[in-house]
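Please see the structure below; I have some questions.
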Amino acid sequence: MKQIYTSFDEAVQHIQDYSTIMVGGFGLVGIPENLILALVRSNVQHLTVISNNCGVDDWGLGLLLENKQIDKMIGSYVGENKEFERQVIAGELEVELTPQGTLAERIRAGGAGIPAFYTPAGVGTPLAEGKEVRTFDGKDYLLQTGLKADVSLVRAAEGDTYGNLIYNKTARNFNPMMAAAGDITIAEVEALTEAGTLHPDHIHTPGIYVQGLIEGKQEKRIERYTIRERTAEGGN
Amino acid sequence: MAVQKDKAALREQIARRAEQEMESGMYVNLGIGMPTMVANYIDPDKQVVLQSENGLIGIGRFPYEDEVDPDLINAGKEIVTEAKGASYCDSAESFAMIRGEHLDLAVLGGMEVAANGDLANWMIPGKMIKGMGGAMDIVHGSKKVVIIMDHVSKHGEPKIVQECSLPLTGTGVVDRIITDRAVIDVTETGLTLVETAPGWTIDEITEATGAPLAVAENVKEMTV
Amino acid sequence: MAVQKDKAALREQIARRAEQEMESGMYVNLGIGMPTMVANYIDPDKQVVLQSENGLIGIGRFPYEDEVDPDLINAGKEIVTEAKGASYCDSAESFAMIRGEHLDLAVLGGMEVAANGDLANWMIPGKMIKGMGGAMDIVHGSKKVVIIMDHVSKHGEPKIVQECSLPLTGTGVVDRIITDRAVIDVTETGLTLVETAPGWTIDEITEATGAPLAVAENVKEMTV
Amino acid sequence: MKQIYTSFDEAVQHIQDYSTIMVGGFGLVGIPENLILALVRSNVQHLTVISNNCGVDDWGLGLLLENKQIDKMIGSYVGENKEFERQVIAGELEVELTPQGTLAERIRAGGAGIPAFYTPAGVGTPLAEGKEVRTFDGKDYLLQTGLKADVSLVRAAEGDTYGNLIYNKTARNFNPMMAAAGDITIAEVEALTEAGTLHPDHIHTPGIYVQGLIEGKQEKRIERYTIRERTAEGGN
């Protein structure tokens, strides 16, 4: 039923110069690693990228930055990346910072056909500049608009041939909303199965939101390897 | 001036005092940095659920090496484990939960807090802006917002001020400030000193505070 | 006047014609009543997913007695089964999906359709108002909205009109009308007859239509 | 951690005269049957009830109607109930009809701290009367406000002692949003287990939204018993 790709290069073919794309993930967790690598190889230019973060210098969206494929970045936190800073200071990269919860809700709104909503985040801050402020029940709120993308790239743990997706732990993050907010959504899944094998009550993203899938092995780099020693029993 | 404790000891003192804000049954968001440390001191008899805005309700301890799952991190991007009874959700649901005031407590770091509860903790003009992350949402979403920070800057300037000089994170959002020198509440009428840290007098604290400071009738020494 | 088929045969004819709107890969919402009947005629070679606004993506056939799960119904409150690859969601997500224009097609019943695509199908003034249910959302949420209904009322009055007399469900929302007599498209410039039902002439259809009706160059007889 | 009730009468004690309550379910599916029965016994009066439907004459919210406990009903479809019609005509019951998707989104907004949002449903219809219309990208939308409740009554298939809930099939419907939109939320669950037994990726309603739980056996009445005969093989 859905397009099942066997080549990552083919899977990103809908992304053209000047496309607006959403890329799932929080930090390096839940990012569609292989689709990003394919996008680097495609060398498409002038992208607007909507993603919570922008990868690190040598992994994730940082690779697109390094290759100078991004014109504009919409995210909530971009502090893990030296090349990002360099390009912003050099005026090569435009940034639109949005509070994380507002970003998540704007993306949800985009996929849900809600053109705009009111939220308290950012009232009285530099973020409110140029935005409508409105009072409901004595409290001030900012008007925020929905966000959509030409193509969304997401990653899931399991997917089926009908496009249904299940995420693992905190690798869910922005992926479900982005899947819904892309005109075309391509999912990179760790395990692709026949429709009918996933439990219908456990599916996080219904296949209606997904146009194409591809199976891929994940590297899953860890940013902060905070383990505890076996000897140090007890405590929290 | 009071006897100097070393920086690590003072941070631990602040974290331990912040832990006293928690009660059994509470859902709590701990900000990145010093607030995350508070988790280390939670009384095991308290049943507190730590929410992580990247979609985990029930942060557990750091994993042993053989427990590591790269798909399981907290908002500070540290790998963690699930606590008992944990659940996962997407980022929209996580912030729906925050914005909808379902959290009982948020403990966040601060650069400046004003007498009216304004908070600045996300950018310094002229420096690279890294982004506000979830802070602007979290300050609006918790029943109680507690800021933990040093009482004064590296240069000895008050961080508790009449009006913030830095760009704001939120207006009128702070309920309580816990520092290395004091616990101060933001009230309708301004700031009120409710606890003094060991080694600090009311006068010393008042002097190091950049806004008028009322003293609570029952002001007491912080116990940690 | 054309040869009368019995009511059931005409309803089946309309349902079979509506089925022709479906293509493999489509997600479709079928309204309550006659639209639900369309499901009975879906070509088994077409892979169509039926969405039910109460939170099921992938409505299956009616259950055998030993398959009945009272927790599994369609929007018409009939017990059903899951189709292969089905999933469940809550009502907010279900309508997010609808409102966000993720459905390819909605087939709904109608009381009146106007030349500009206005639809009235939820209330008759003076009669008890039962509620609009999901109709007002669904008419805005599908890439194509097809209304299936009788061409004229019980009293022989046109149900396709210049302007609706009944309270609206949505303005400018209808793309195509399928009746017992014709298939009519709503275009930028008004109504266009694209198919005639067996036994009806263009003139008879025009006469029974309460708004100007252009005739498509390639108008043809409906085949069902 | 959560209040675990053993008496349904006790579980509805937070509901007082003039309370606004939300009650989960679509038709008779996913309704908190025993909590409704307890509410009838409590005989609290002047309720505002937010629920998609209002039960049938002898079951579900219809029992509250019969007992004249409801002053106002906010829902999307109330056509299955003769007593409802009688009370409306007699002026004993106020009704606020809301499109189903708008109702679902208003409840979600209430729980999510969104005071208001724009939606296309209802533009140009009698529903738009008195509502703000605003154009985004050339299309008109209505402003709709969030809905909250003093108490929400929901039903789940499984629940744990931390308040986490899992729903079964289409019994999910309005329950998750209502759980989040109640100042106090009481969940009637078919099976109550110890925290830690539900899979964290399968939980639909995180326990943060739930204040009390009670285990109860469901009758699960069926409104339209549309079965097919074993002999009639084939077809759709």
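For clarity, chains are labelled A, B, C and D in written order, and residue numbers in each chain start from 1.
Operating definition for what follows: a contact is a pair of C-beta atoms (placed from the backbone, for glycine too) under 8 Å apart; a residue touches a chain by one contact, two chains touch by 3 or more.
Predicted model only: the values in this text are computed from it and were never measured.
Chemist: Between B-D and C-D, which chain pair is linked by more C-beta pairs in contact?
Modeler: Looking at B-D and C-D side by side, C-D shows more C-beta contacts.
Chemist: Report the inter-chain centroid distance for chain B and chain D in whole angstrom, where each centroid is the mean of the CA atoms.
Modeler: Once rounded, the distance between the two centres reads 36 Å.
Chemist: Quick one: chain A and chain B, Cα centre-to-centre, how many Å?
Modeler: Distance between chain centres, rounded to whole Å: 28 Å.
Chemist: I'd like the Å distance between the centres of chain A and chain D, where a centre is the mean of that chain's Cα atoms.
Modeler: Whole-Å distance between the two chain centres: 32.
Chemist: What are the residue numbers in chain B that touch two or more other chains?
Modeler: Where chain B meets two or more other chains at a single residue, that happens at 82, 88-89, 95-96, 98-99, 140-141.
Chemist: Two-or-more-chain contact residues of chain A, please, as numbers and ranges.
Modeler: 105, 108, 112-114, 119-120, 167-169, 172, 200-201
Chemist: Determine which chains touch and list them pairwise.
Modeler: According to the stated criterion, the contacting chain pairs are A-B, A-C, A-D, B-D, C-D.
Chemist: Could you list, by residue number, the parts of chain D that touch chain A in their complex?
Modeler: Of all residues in chain D, those touching chain A are 105, 109, 112-120, 134, 136-137, 139, 141, 145, 166-169, 172, 200-202, 204.
Chemist: Contact residues on chain D for chain C in the complex?
Modeler: Touch list, chain D to chain C: 26-30, 52, 75-79, 85, 88-89, 95, 97, 99-105, 107-108, 119-127, 157, 167-177, 204, 220-230, 235-236.
Chemist: Okay, in this complex, where on chain B does chain A touch?
Modeler: For this pair, the touching residues of chain B are 39-42, 44, 52-56, 61-65, 68-73, 76-80, 82, 88-92, 94-96, 98-99, 118, 123, 128-138, 140-141, 167-172.
Chemist: Spell out the part of chain B that touches chain D in their complex, as residue ranges.
Modeler: Residues in contact with chain D: 24-25, 27, 47, 49, 51, 57-58, 82, 84-89, 93, 95-103, 140-141.
Chemist: Please output the residues of chain A touching chain C within their complex, sorted ascending.
Modeler: 1, 108, 110-114, 160-162, 164, 180, 195-196, 198, 200-201, 203, 206-209
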